[in-house]
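Multiple structures follow.
Both complexes below contain subunit A, partnered by subunit B and then by subunit C.
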Partner chain A sequence: MMSGPSSLRSMASCWTSLTQSLKVPTLLKPTLLPTTFTRNFIVAPKREKRRIKIHPPIKGPPKNPLQALTTQALQTLDPNGTRQKMFSRHNKDSIRPGDIVQVRRRNGDPFSGVLLNIRRRGVDSAFLLRDHLTRVGVEMWFKLYSPAIEDIDLVQRKAKRARRAKLYYMRQPKHDFGSVANVVKEYTRRVRPTQRQRK
Partner chain B sequence: MPPKISIWRHLKIGSFFDFISPIKINNASQFSSSSRAAFGGVKMKRVSSSTSPTLLAASKAAALERRRVPQRVGTLAVKKEMTAVYLPNGQRIPCTILQLDRVQVVAPKTKKEHGYWACQVGLGWKAPKNITKPMLGHYEKFGVAPKKTIKEFRVKDENGILAPGTIINADHFVEGQYVDIWATCKGKGFAGGMKRHGWAGQPASHGNSLTHRAMGSAGQSQGGGSRVYPGKRMAGRMGGHSKTIQHRQVLKVDQELGVVLINGPIPGPKGGIVSIQDTIHRPSPVVPEPHIVVSM
Partner chain C sequence: MLTCIDNSGAALVECAQVLKRKKPAGIGDKIVVVIQKQRSLGHDLSAAAQAAVKVRRGDVCHAVVVRTKKKYRRPDGSYIRFDDNACVLVNKSGDPLGTRLNSVVGEELRRKKWSKILSLAPMNV
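Up next, the complex of A and B:
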């Protein structure tokens, strides 16, 4: 490739088959003097490459903000950590799928049923209860940390630990638990009066 | 008393006679039917040649004036995840976490030089080896580290321009304020009419054979010209384009985590780049403290 002043380019290109080196013409402009003639083209003196300055990045925010936000929110929603403990995987006595659970709500009647599913999503965690009302299967999702839930009670444990996390097979007539009303009534008679006195 | 003539009245009404008012009418040609002669042989100009500051409604400058542009610059953010926030009354509000990852103003754009006021804003960081030399020179010029993405945000005037290198953090936004959001929605590939346009399809049974999700008729027969009209909705590429959501509330701002919680879902995948700016539907929010931090 050519490199050098364009005014001399045509002159250089006609000297393609030259074998001897050219002498620098004396009539050359003073500004072009630093250029040197070699075989058949002009080479400009090597210039130092300008390095582009790259600025260092600024410090970024933490990569996983959700975890921090969750702990922050749970400090107000679940200050004692009771509900976290109640559904914790690390707690031996936690509520597990298959257990019968009663949820008392701030507004509205309590609802109880068999726990089919625990959806673990931090602040947005929820669980699914199934019961029968007027012989019709009813399922309800509850948000674990919702302020609308006053209390969550474990009514009865499943006799044998369920071997899967989602007990959707319990919707089939063959496996359906049916109404939990009797179990809950028994529980209320046995346990709740003492709780009421304490309150 | 002469009637008050405001520039806005002229801009909004835009009636034909607004053009006449700033220009002197020659008596001789007052009743001429030719539009040019009606203006006294004067060629109509976009901006009045008289001393009146009235901007003609049909001009480009007037259109620019009319355009609703936020006062403050917007920011880029990364869509993180969805979660929920509980109000004191127990109401649950689903929201999206947006994180402002090393958002900095890269370059200002001025009306004099570029024809409009805007700020080029960059997010994240990108290894310099993956950036072209012209762009590296651009970042060098404004003293900013190479960015993963850059985007321009229009602002109303020079008051909205921030200095290059200014860090835009989560406290740029105020809890409770409303924002407009742009993001690229998830691409669904080549989708049929039912998915793309919400058509009903055909019945599953009653003698139906092999046409359950077809688009049905594309138009009339001979009465409609025996052709399919342009713009007929059909199967095709769905999603993967930009979506704008207007007037969404900011539920929470966390300066330390660089996080803004926005009410409701936001288009695009997790990790997608989202643009947020003050909504054009409300006046600019009052920021309690100056947030300006210039790096270096």
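Up next, the complex of A and C:
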């Protein structure tokens, strides 16, 4: 059917010319040798040894992928862990609802207010501040780990620990704290100069 | 119903329509309002103040929303929310009718090209 031997696919090897004759080992005793030992062998062309690359087994996803992602993100956003500590449940001196907090922003004026709510969601953690500006209530949610936030200061603690986690009742006129401007002013006068000296 | 925070003479206005938007109006959006209540009613108004009153009750006017009670998302992920809804009256070409604003406005006005209102405002957040 086909012309040359090379086109026969089913053949395992191709024909090659006689390359060399095998030499009779000299160590063998002459008596063992047959008188005519001059047979030629076909020697296959030398091929490089194929190595099958063995890969290490693929690592499965981490047991808790979301947790791993969170820790990884926090390492870049909050390398010192200061903000994590500032709002941690386990830290006794952490900022808690009811405290007066000042947020210094990278671009924009600082915003301060009473902390109404802390939303703990890993990297997405945020907190809600409430203040009065020109006698209008203003509330701002800030992302805790946002790079737009330069610093978070605790201005004043609540005298008595708040007995609930969400202080939305402070929106009612009866419980409203009003403007925190005076408290913050007092704080900046007292604390900020010393901070500047330290820097 | 929104409060009007300029000195055009309106105190309380009612939104009749939101312009160029199919959703509810946010900060910086233009709306059509009907003036429901006038500021400083009564006969003890001085002549100058009377002249300053540019709108009357029942007038239909354009306005720009400057504060919303609904929280508004900023590009950096923070949210802003005010305790009331407020607006500033403007004429059709976009200039404010009043000459003075009496309370804080949202910073979103800058992005929406309402710098005239921003410059009049005592404060913006």
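What we mean here is this: the second predicted complex is superposed on the first by the 138 of 199 C-alpha atoms of A that agree within 3 Å, B and C clash if a C-alpha of one lies under 4 Å from a C-alpha of the other, contacts with A are read in each partner's own complex, and residues count from 1 in each chain.
The rule we apply is simple: contacts are C-beta pairs under 8 Å (C-beta built on N, C-alpha and C of every residue); 3 or more make two chains touch, one makes a residue touch a chain.
Note that this is a predicted model, so its numbers are computed, not measured.
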item	value
In the superposition, subunit B vs subunit C on subunit A residues touched	B
Touched partner set for A:54, first subunit B, second subunit C, both or neither	first
Partner chain(s) touched by A:111 [first = subunit B, second = subunit C, both, neither]	second
Touching partner for A:139 - first (subunit B), second (subunit C), both, neither	second
Partner chain in contact with A:66 - subunit B first, subunit C second, else both or neither	first
Partner chain in contact with A:148 - subunit B first, subunit C second, else both or neither	both
Contacts of A:123 with subunit B and subunit C, given as first, second, both or neither	first
First, second, both or neither for A:186, with subunit B first and subunit C second	neither
Common interface positions of subunit A, toward subunit B and toward subunit C	143, 146, 148
Subunit C contact footprint on subunit A (complex, rising order)	108-109, 111, 126, 133-143, 146, 148, 171
Residues of subunit C that touch subunit A when the two form their complex	67, 71, 76-84, 86, 102-104, 107, 122-123, 125
Residues on subunit A engaged by subunit B in the complex (per definition of touch)	52-62, 65-66, 68-70, 72-73, 77, 106, 121-124, 143, 145-148
Interfacial residue positions of subunit B with respect to subunit A in the complex	80-86, 88-90, 92, 94, 97, 99-102, 104, 124-125, 128, 133, 136-137, 139-140, 143-146, 167, 254, 256-259, 261, 295-296
